[in-house]
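Both of the next two complexes hold chain A, though its partner changes from chain B to chain C.
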Partner chain A sequence: MISLLLIFIGALIFPGLISITKAKLSGKKGPGIFQPYKDILRLLKKGSVYSSTTSFVFQVAPIIYMASVLGAILMIPFGNFKQGLISFEGDFLMFAYMLAFGKFLMIISALDTGSGFEGMGANREALYSMLVEPAFFIVLSSVVMLSGYTSFYEMFTHFHVENYVSWLYVAISVYLLIQITLIENSRLPVDDPKTHLELTMVHEVMVLDNSGFDLGLIQITGALKFAMFGALIGNLVIPPMHLGFELSALAFVVIQALFAITVGFMESFRARLKMIYNPQFILTLSGIALIAFFAVFFITKTI
Partner chain B sequence: MNKKYNTSGRLTSIKNQQKISLKDIPVLEYEVFYQEVVQILEDVNNHCLSYYAFPFDNKLKFICAISADEEKEILLLSHELEKPDLPLKSIAGQHLAMHIFEREIHENHGVPFEGHPWLKPVRYAFNRKDRKKMINNYPFYKIGGNELHEVGVGPIHAGVIEPGHFRFLCNGETVLHLEIQLGWQHRGVEALFLEKKKLLQRNLLAESIAGDTAIGHNLAFCQLAEALGDITVDKNLEIERVIALELERMAIHTGDLSAFCTDVAYQLGSAVFGALRTPLINFTQAWSGNRFGKGLIRVGGTNYPLTQELQQKLKGILNDFEKKFTEIAERTFNLPSVLKRFESIGAVSTRQVSLLGGVGMVAKMAGLKRDSRYGQPFGAYRDLKHEPVLLGSGDVYARGMVRKLEVEQSLVIIRNLMEKLNARVAPTQPVPAANLKWAGESIAVSVTEGWRGEVCHIAVTDKQGEISHYKVKDPSMHNWKSLELSLRDLEISDFPINNKSYDLSYCGHDL
Partner chain C sequence: MPLWVLCISAILIFTVPNNFKHTISLALVAITIAFTSYWAGLALFYGFELQGLSPFSMISGDSPIVVDKLSAFFILVVNFTVLTGLLYAKGYLKSYLKTKNKHLMSIHYFSYVWLYFSMLLVTMVRGGLDFLIVWELMTISSFLLVIFDSEKEDILKTGINYLIQMHVGFLFLLVGFLFTGEFSGTISFDSMGVAFSSNELFEVFGSHGNFWLFLIFFIGFGIKAGFIPLHAWLPHAHPAAPSHVSGVMSGVMIKMGIYGILRVLTHLQSDWMEVGVFILIISILSGLYGVMMAIVQHDLKKLLAYHSIENIGIIGIGIGLGLIGIATENHPLAVLGFGGGILHILNHSLFKSLLFYGAGSVYKSTHTRELNSLGGLIKSMPKTAIFFLLGALAICGLPPFNGFVSEFLIYSGLFKSLSSANLNMSLMFLGGITSLALIGGLAIFCFTKAFGVVFLGSARCEFPIKPVEADGSMLFSKLLVAVVIVMIGVLPNLFLQPISEVVGMFVTSGGDVFAKTMHTTSQVGIISGIFILVIVVLYFMRKKQQSTVAVEYGPTWGCGYTGADPAVHQYTATSYADNYKQLTKPVVGSETEYKSFSEEEIFAPARSFVSHSHDKIEDNIINKGIAWILKTMERFAVLHTGKVQHYLIYPLVFILTLFLLTLLNII
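Moving on, here comes the complex of A and B:
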């Protein structure tokens, strides 16, 4: 329960912090921290418009997408103190495929509109999700190997960091998780959430036809996903520091904030990748994850 | 008189901003006209400014104006047709650059051109010949095949831009062919020039041909009116006009560089270039009351002289601008992630651009020396000996770099000219002419270099000294084709940055 609460707090400040960071870095004044939510509130007050070519898939997709992310969040524990609301052996697999299920629905709902643009976006999103999946699993399986358990709570509780080599592993994992989050949330360098050019969009173009309430849901889900990955990072970093309960909770929020600011920094000083280099970039992450994975072999002396 | 070409008396040559009696242009047989034009255009230093037809004495009179950049002269050729439905041999068959003019003549007057690649409609003018040709059934180029798909974009776009339809023939993410269909923005500008009789109305019209080239187009009109009305303006005014033109160039180029950065999601560049444009257009506002310089250029005089006070202000702004611009431009054009998006993206070769008759920035980025400031110097440029910036690679990088270098060049030009202004104490002619006595039965050509490239206005007057035909040519007219070629074998997601790097005008093309 406590992790759910902390993730909600994280999701509340996340989008605002990113835009404030980006605005400050380019010398602008920037919006208030809750501006993204004011926009979402405005959307939620509106009705949705549905094109006559769409079927029920298009109408249910945003809700299921949000539900899938919420379901995944339920599995995330709070460090070594509290397990998630749902917790069982192998729940990290369930976690990954809950997310994939939501994404699958968004993809078919984009195809449902029959628009050339959305098909194009769906195609790209499907490709990138497929490519990023191995990286995510390799990162988590290394934790599984290090701890010897397969549920999130057990994994993070028994994931002991004994020497500096394992801290190195933590550093690599955090780096990978940040990159994976950026890809999953369609941010730079793979996608550009601010672009208005349909031909270059990945995620944005898929939700072009969604409006009003549905669009609001999709945007909230985006923020939740960010905080969810932030919580994963928190779980990886906080338990080995052996802080107390309250301090850990604070550290959780601080990590979310730092994460948001990092994203803001990363998006300010570089251009986006050329689209054909995206798969290459994502595969590189899997490569790095593999290196970490073999490092774990050495740490656990299985080889 | 031009020595190189005028041996046979088949053509007349004039200077930019000069008028000539219509009778002085020899009317040729089409066969002779054809050979002459084909031969002149063989030389890469010559390119067609405008080729058009208009009804004249129950006949269809064709005028071809060719810019001879080496000689700094405009060559005028003409022929007449009694029956406009007889087929003519297409010059585009020899020089592709003429394709757009022949398409336009075909659309407006129904003249069939034999050997033209494809006489597609240009802009669906209100007064076109065949009213049955509608914008909804434009003949698109098609490729068969199960693997290919078409992506149609527009005419209504996301973001606030003008209407135009883009059709991509794609194989997956790769574009095989792009076709751009324009004409959605047609307002009948050329016909309005005849309808509106007052000088001020025509000024306002010229300023609205392409909103981002308000000064470029209006200057072209004013020079034309001054040529036909026998007005000479003093040096000071010419200098002020050039300063205005260069300021427009700087402001738009800087804004474009910001858009370059936005398109590749480089946030810092986008913000800083965007902020740098503001003081420039704010200065134009302080000067003339309008940020785009509308109202600044008027026939024969000006309502807004560049006072000492304004000059001081401009100097301050430029000094500040230069420092920041250099810094951010250095950073942007050296950032690896940005270069990856700019370099060798959407490259066109010098040969392609010269085939298409590219002008202005499009010519310069591909290494083709076409700049009216150099080729057809006008106003204060006559004393400047302008040397255009040339790049060779023809890609997005070159198009960005041309802008950066031109901004730096404009800075030098403006500073030089302001010194000349300081040296002269005589105030600018204060009052613009309210009315003009136009020379009868004459033709005049006026060419200016707007930020996009060569802007050409041609007017013909009748016996009473009324404008009987007005022709406008915006550089976008030739250059759109170059964008189409840039997209060949490129990823479709690189289209926006390419489109922005050309930044062509829809309404300038559609008129």
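Moving on, here comes the complex of A and C:
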């Protein structure tokens, strides 16, 4: 329950922090931290326009998308203190496949509009999330290897960091998780949410036809997804630091904030990759994940 | 034997008029289902193994039929899919009743019923000779089913291709059984254990005799199952057959190959590790290659056929891991590997038949399977679309549907064994995990494409007859399958109990692993419940919100210009796969025919764009092999002079040679 709460807090500050960071770095005054949510609130009150080409798929997709992310969040524990609302052996598989379910629906809902642009976005999203899958699973495998357990809670509880190789491992994993998050949330460098040209969009072009309540849901889900991955990073970093319960909770939020600021930084100083380089970039992550996996062999002294 | 009576009474189909053929077949199938399901239930739930004399015992001597747990599981899987297939056939074949003559219809139904009988017998008979007979019957009856539309020349060609490839497999089985007979004295499954441990085996094949003898059987059964590189028949035969037949063939008939492999494995005496690693590698390759090829297909049924190869790969990954688990005495891995693989047999038979029935309904109302001419069918065929979507979600292994449960078991086995294994093993397990993840991602890519292009958006071409919803009997059989798919997904424990009985045939001490797993899978049900609850709550929230504000309908966002025909701008199956194709060029063969604009072309004429995909393994291994054989054979064509005198000399030469050889004591 506590992890759920912390993730909600994280999701609340996440989009605001990113935009503040980006504004400050480009010399602007920047909006208030809750400005994104004020926008979303207005969206939630608005009427909707549906394309007459669409079917019920388009209508249920945003709802299922949000439900899938909420369902996935339920399985995330709070460090080594509290397990997620639901925890069982192999829950991270459910986590990954749950997210995939939401994504499947969003992809076909984009195809449902019968628009060339949205088809393009759908196709790119499908391709990138397919390519990023191995990296995520290799990172998970390495954590499983290191801890010897197969549920989120036990994995993070039995995750011991003893020497410098271990910290190297943590560093690589955190880096990978950040990159995976950016890809999963369609941020730089694979996709630029602020672009104005449909041909260069990935996620934004998929939701061109969503409006009002549905669009609001999609944006909240985006923030939740960010905070969810932020929580995973927090879970990886906090237990080895051996903080108390309250301090850990604070660290959790701080890590979320740091993560948001990092994203802001990265997006300010980086340009979007050319579309054709995206697959290479994503596949490279799998390669780095393999390095993390081998690092585990050193840590557990198997080689 | 009641089975004999039923087999013979299938001839009744020939005597009744067209309209009753379906009823008679259904009655025969229903009676058989009642009998065999009872036997299977006895074996699976009460441990009572029915034994009897094989229907072919007059030919092969006193060979038995036995319904043990493995047979029982396959019998139940076969029964269900054959039943839904036959129910579906009623609607599907309705329009053919006018165009096909009475005898063709009789042959079709007769072969369908016989395909069913032969599959049942394959799982029951134990004698080697009997097995080969029923195996052959299965091939012939499925061949007759494939060439239902035999007016079309390419379908006949595909059918003959299928028949020949099956007989190559048959040859390997024959050799395998002959070896068994040689080493143990009797040609039968039951004596295989003796053969696998006999001294002669090791004398002939060396110290890894078990592996080599298994390999012979694996090739024979693998051709039926469709492991790469033995899969070449599969992507051709499935699209050629009528959809209920494709459903049954892909859903259960190719599983007979898996049955054979499993049956041989129960008798394996050593070399678990070698066999396990071999199966695992072949399966990973099959899984990846199958789904990678599926993405570039334009033909809906061919796409599904390639997915069969993928799923056979997943089943094989489970079995391979199970064997590795046995070899390393890692019980969780053994139990979860076999459990996941065997459950996936059932799962695949369900969602694949559902998808083929869906594809059949689409074909029936549009008369095309070409993805790029379909589109927007969800408006005219909403129910078919929902069922297809359900099948698509299930085949991608997404929760809360059945595909997830079996993949979850295999994954769990892999993850549980990661930390306790040595370096090599860990890397192999990691390979398994990554390839399963990649297969999942690719499957999502493929089915978003298939579902999106066929059912969503707007229609890509006008059909002379407007597409209409499939009729009741077709929808009903889909509903049956869909219910079981959701049931396995939400209440997996109901099905895991019988599966654990089957797994017990391979791994004797693993009961507690299953108990633990069932605790886990019950959690999967809970979270699915929460998931559905959240969906419902959000749905009503939106409904309430939208009741107070304006909800309008308009054209899709067209970047400021909505005048053009939206169907023209839509993404097609080809464009959806385009960036993927560039990425996978080394593996997936595809080429385009297109002439680009030249500089001096001021008034460019109309252009055409055609893209093809081809199977590199089929081209390079199968087709080249066949070409080589043909070329070699052509050298002997010199003998065919066409003169009777020459032909008369050949036997004379033969007899003389024999005579001389015996005279000189050479033979």
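In the analysis below, the second predicted complex is superposed on the first by the 301 of 303 C-alpha atoms of A that agree within 3 Å, B and C clash if a C-alpha of one lies under 4 Å from a C-alpha of the other, contacts with A are read in each partner's own complex, and residues count from 1 in each chain.
Methods note: a contact is a pair of C-beta atoms (placed from the backbone, for glycine too) under 8 Å apart; a residue touches a chain by one contact, two chains touch by 3 or more.
Remember, it's a predicted structure, so these values are computed and weren't measured experimentally.
In the superposed model, A:137 makes contact with chain C only, not with chain B.
Of the two partner chains placed by superposition, chain B and chain C are both touched by A:117.
Using the contact criterion defined above for the overlaid structures, shared-chain residue A:200 touches chain B, although it does not reach chain C. Touched residues of chain A were counted for both chain B and chain C, and C has more of them.
Once chain A of one complex is fitted onto chain A of the other, the partner contacts of A:244 are absent, as it touches neither chain B nor chain C. Using the contact criterion defined above for the overlaid structures, shared-chain residue A:267 touches chain B, although it does not reach chain C.
In the superposition on chain A, contact is made by A:55 with chain C only, not with chain B.
Shared interface residues of chain A (contacting chain B in one complex, chain C in the other): 116-117, 120, 198, 275-276. Across the interface of their complex, chain C is touched by residues 44-55, 57, 60, 63-64, 66-68, 70-71, 74-75, 86-91, 93-94, 96-98, 100-101, 103-104, 107-108, 111-120, 122-124, 126-127, 129-131, 133-134, 136-138, 141, 144-148, 150, 198, 208-209, 212-214, 217, 275-276, 279, 286, 293, 297, 300, 302-303 of chain A.
If you check the complex, the residues on chain A that touch chain B are 22, 25-28, 116-117, 120, 188-189, 192, 194-200, 267-277.
On the side of chain B, the complex with chain A involves touching residues 149-153, 158-159, 173, 261-268, 270-272, 275, 335, 337-338, 340-341, 345, 491-496. The residues of chain C lying in touch with chain A in their complex are 375-376, 378-379, 382, 385, 389, 393, 396-399, 404, 408, 411-412, 415-416, 418-420, 422-423, 426, 429-430, 433-434, 437-438, 440-442, 444-445, 447-449, 451-453, 456-458, 516, 519-520, 523-524, 526-527, 530-531, 534-535, 538-539, 542, 545-546, 549-559, 566-567, 569-571, 575-576, 578-580, 582-583.
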